[in-house]
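Two complexes are shown next, each including chain A; its partner changes from chain B in the first to chain C in the second.
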Partner chain A sequence: MYSRAWVRVQSTFGEPLWLAVNLAVPLLSSLAMALLYASAGISKYTGFAILGGIMLAFWGNVLWSMASQFNWDKEEGIFEIYLVSPAPITAILVGMSLGGILATVPSAALVALIGWVFFSASINPSWIAIFLTFILALASLYAMGMLMSSLYLAYGREAESLNSAFAEPINFLSGLYFPSIGIGSPFPFALQVAASLIPLTIGMDALRKSVFYAGNVAAVGVDLVILAVMAVVLLFLGDRALKALENRGRRQGTLVVRLR
Partner chain B sequence: MRLLKAIFAAAWMGWQREMEWTNPVLSLFIKTVAPAAAVLSAAAVYWFGSSTVGLFTPGRLAFIVVGASLYGQVAAYVYVPTSAIAEGKWSNLYPQVVITPTSSIPYLAGRCLASFADSAPIVVISLAVSYYVSYALFGAPPTIIVSPTSALMVAVALILSLPSAMGLGYVLGSYSIFVSRWEWALPSYVSGVLMIFSEALFPANVLPYPFSLVAQALPFTYLMRASRAALIFDSWTLYLTSLTYLLVGGLIFFAIGLLVFHLAEKSAREKGVLDKKTM
Partner chain C sequence: MAIVETSKLARMFESKTGSVVALEGVDLQVGEGEVFGLLGPNGAGKTTLIRILSTLLMPTSGNATVAGYDVATQPEKVRPIINMASGSERAGYEFISARGNLWFFSQLYGISSRVFRERVSALSSQLELDGYMDKKVYQLSTGYRQRMTIARAFINDPKVVFMDEPTIALDVMTARRIREFLANQAKESKRTIFLATHNMAETEAICNRVAIIDRGKILVCESPDYLKRKYGTPAFVMEVTPPPNSLDIFASIEGVKGVTSTLDEERGVARVKFVLENEEAVAKIINAAASKMKLLSSWRQEPTLEEVFVNLVGRGFAEREMETAG
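Presenting the complex of A and B:
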């Protein structure tokens, strides 16, 4: 776990230009949405857009550096090395998640800094609630990334197209830049329930409450419990899915087949 | 004739790469889901913000839905040259294209045409989906004029945006020749910058000076304006003025792009980096 995390951290901090590369999408998307809020005469919500950009940095990392990673590793011949090593695959995935989080923190921090410098969005934070929400939101998001990683392993090259297809609908449903559940949501109740199955939705809702409305731990308590349950369930499902697909791959001889 | 044949072959290859990797209907669906969701995200941001302070207007919603849908077309072009050259280097296709008698310029032109062909229906579908979903979610339809004339006007504007798209494509292609890591970085920045500077979501005058001037200088801004003139404002004057700027700006972009790409490829030949895969 430590080794895989270390590789990921080194690959980012050893090449500072990666920071600029990782910054592009979350920064420019959040600036565009903040300007959209400002252009409509509602500057008080620009902070929602900046917060969305911060979480987009992590969500992008989950999609492109977790979900797709085993597929890329397979294409480059690294996956078979994981398999023959004594390290459990789940530990490698957890290490990849921890490394990914550490590697994404600078991009997310820069989005926050640049966003707040440009728009001076007013916040009313409850720091303990923010910290707990952030940790649990990341835990459940990366656990989802682990589950997706095992599924994408089976899909091969189609994984990239699936990533491109899933990213925006999940951004929309999870309310990355606007509330998609609860007060202010444009969605009907059924769609809000469906959106709540995505950890990012619950995470964003709780973060908005704790960053902008001084929502303390009690105010976001239900969200925290849901996020914790999601993290455990997704981690369990990811582990099971990975084992099942690994066994199937071993039997069918497709585990190390590249470019399917 | 040889040139046309090369462009057609490249366009066909681009189409195969973009659409034929799976069932074409599934491929179209997968390619449409993301732009449609992006349009709806922008519309929802506007709806949420404006409705809480009582400033919501269907006209402004239409402005956002049309611009964000067309942005999908602009963004699609940005990734084509990188995909053509960066992937071509990895698969050894690009060096083979360079040594053909017609060189890589018609190759990139063909790939851009393929991108036009596959992204134009996506724009139409995402516009239609966004219209109906916006109506269902926000209870107010975006005020868009749908008629054969307005559709034809948008189609003409899209076709006239090709020179600017190809010009941008050649400039990004020049970058892709020289890099073998972070090849997706510049296209990501360019597509993000275009989201802010092309009037996709808000008028250019929202941007502080001198950034607003940058937006006015981009031909893509006039694609948005011409399309909105056809679909929202029903203004022939605005349409024709925007079309003129789009064409003139596009031809300048195209000429600059061709020159930059020609010089970049020449330099890459001299430096021996045409097939370089590592840094």
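Presenting the complex of A and C:
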């Protein structure tokens, strides 16, 4: 677990171009939204945009570095090395998650720093609630990434198209830049219910409460419980899916991409 | 005691055009400390067999065991004691050093950092990787990258190592170095090396026994020398001048199965090759040549494993690969 996290961190900071992309994408997205809100005179939402940019950094890492990593590993021949070893695949994924989180912290911190310096968004934080929400939101997001990685095992490169297809709708529904559920949501109730199935939606809502409205642990308690349950369930489902797909791959001969 | 055993092992693949039989009725027993070669053209089933034995693929029927553990039903028992490497592998994280990559792969086997340091130092020395260990993988040439791959395959001190064409596309010196390393590992550490290759020289150089595989079936399984003696065709070659107008004087000699000739026009020399039924024909050939031409040189040509394959199958590797591709 630790070693895979180390590889992720080393690889991210060893690739200058990748590091630049990791920093630039969430920063530019959140700055664009913050400028939009500021120019429209909705200054209270500029803070939402900056918070969204912070979480977009992690969400992007889940989508493009976690979920699709196994497909890249398969193409490079590393995945079969994992399978031939006694190391559990789930442990490797957890290591990848931890490494991904560590490697993303600079991007998230940069968004926070630049956002708050340039837009001076006012916050009313409850730090303990922020910390707990953040940890549980990340846990559930990366558990979802582990489940998504099993899709890549099943569908290979076709899953990249799924990634692209789902990225923007999830960004939109999950309320990265505006409340998508609860007070202030522009969505009908049914859509809010559907959006609530995404861990990022619950996480963003709870973070907004704890960052901007001094929502303490009690105020975001239900969200914390939902995120914790999501994390456990998604981790369980991801583990099961990976084992089932590994066995299917062994039977059908689809575990290894390269043919000689 | 056999450390790798298969019994009526078979594997079929379903495709849009129908079923493909990749392996059929494979029975093998490989001992501890043996360098066992699996020789056959591309598409013969070598990689499929290695994938089954390394737990990446399940057999369709039959069974296979490694150190007594069933590869299909007990992969968790097999994986700690095996490893594998392939010649076409590019496995390694590009922006991490060779040492860092080897450390990471050692962690997949739960190896402590102290043991890792000892092992990587020995492997690095044996594979002449010293001086390259702290370079990032993208900075390594193909040869050194392959040496790193080989080191990775031994990092967990495995009982059985599966090698799939480990020296393909490598220069002669690097290929030789790797072969020497593999032979030493088998001899000194009693490690079983299961080597799939279509390189005859490699097989003859280091394998204790060779199984020749074609279209998923094992044709024979013996030592290279035995196979060449039993299935190969010894030959006698001589260079003569002036080139003979006809080979009839040689073809009629008792003990000569066949005779061919190639001409070196620049030198005005003919190289005449005789396929023999017995050694007594050599003296008669030399006498016949001496009466009509000048004998410049002569030598015995040992049978090759490709000749063994041709004699068993009726076609060479290249022709068989074209048939399989077609």
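Definition applied: the second predicted complex is superposed on the first by the 250 of 260 C-alpha atoms of A that agree within 3 Å, B and C clash if a C-alpha of one lies under 4 Å from a C-alpha of the other, contacts with A are read in each partner's own complex, and residues count from 1 in each chain.
Basically, contacts are C-beta pairs under 8 Å (C-beta built on N, C-alpha and C of every residue); 3 or more make two chains touch, one makes a residue touch a chain.
Because the structure is predicted, anything quoted here is derived from the model rather than measured.
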item: Fit-or-clash call for chain B and chain C when the two complexes are aligned on chain A; value: fit
item: A:214 touches, of chain B and chain C: first, second, both or neither?; value: neither
item: Which superposed partner A:169 touches (first chain B, second chain C, both, neither); value: first
item: Which superposed partner A:179 touches (first chain B, second chain C, both, neither); value: first
item: Which superposed partner A:86 touches (first chain B, second chain C, both, neither); value: second
item: Touch count on chain A, higher of chain B and chain C; value: B
item: Touched partner set for A:77, first chain B, second chain C, both or neither; value: second
item: Chain B versus chain C as contact partner of A:41, first or second or both or neither; value: first
item: Following superposition on chain A: angle at chain A, chain B versus chain C, Cα, nearest 10°; value: 90
item: Minimum C-alpha spacing, chains overlaid - chain B and chain C, in Å; value: 6
item: Touching both chain C and chain B, counted on chain A across the two superposed complexes; value: none
item: Footprint of chain A on chain C - complex, ascending; value: 11, 13, 42, 47, 51, 54-58, 76, 79-80, 82-84, 86, 88-96, 100, 103-105, 107-110, 136, 152, 156, 164-165
item: For the chain B and chain A complex, residues of the former touching the latter; value: 21-22, 27, 30-31, 33-35, 37-38, 40-42, 44-50, 52-53, 55, 60, 64, 137-138, 182, 184-185, 188-189, 192-193, 195-196, 200-203, 206-207
item: Contact footprint of chain B on chain A as seen in their complex; value: 17-18, 20-21, 24-25, 27-29, 31-33, 35-42, 45, 49, 157-158, 161-162, 164-165, 167-169, 171-172, 175-180, 184, 186-188
item: For the chain A and chain C complex, residues of the former touching the latter; value: 2-4, 6-7, 10-11, 14-15, 76-78, 80-87, 92, 250-251, 253, 255-256, 258, 260
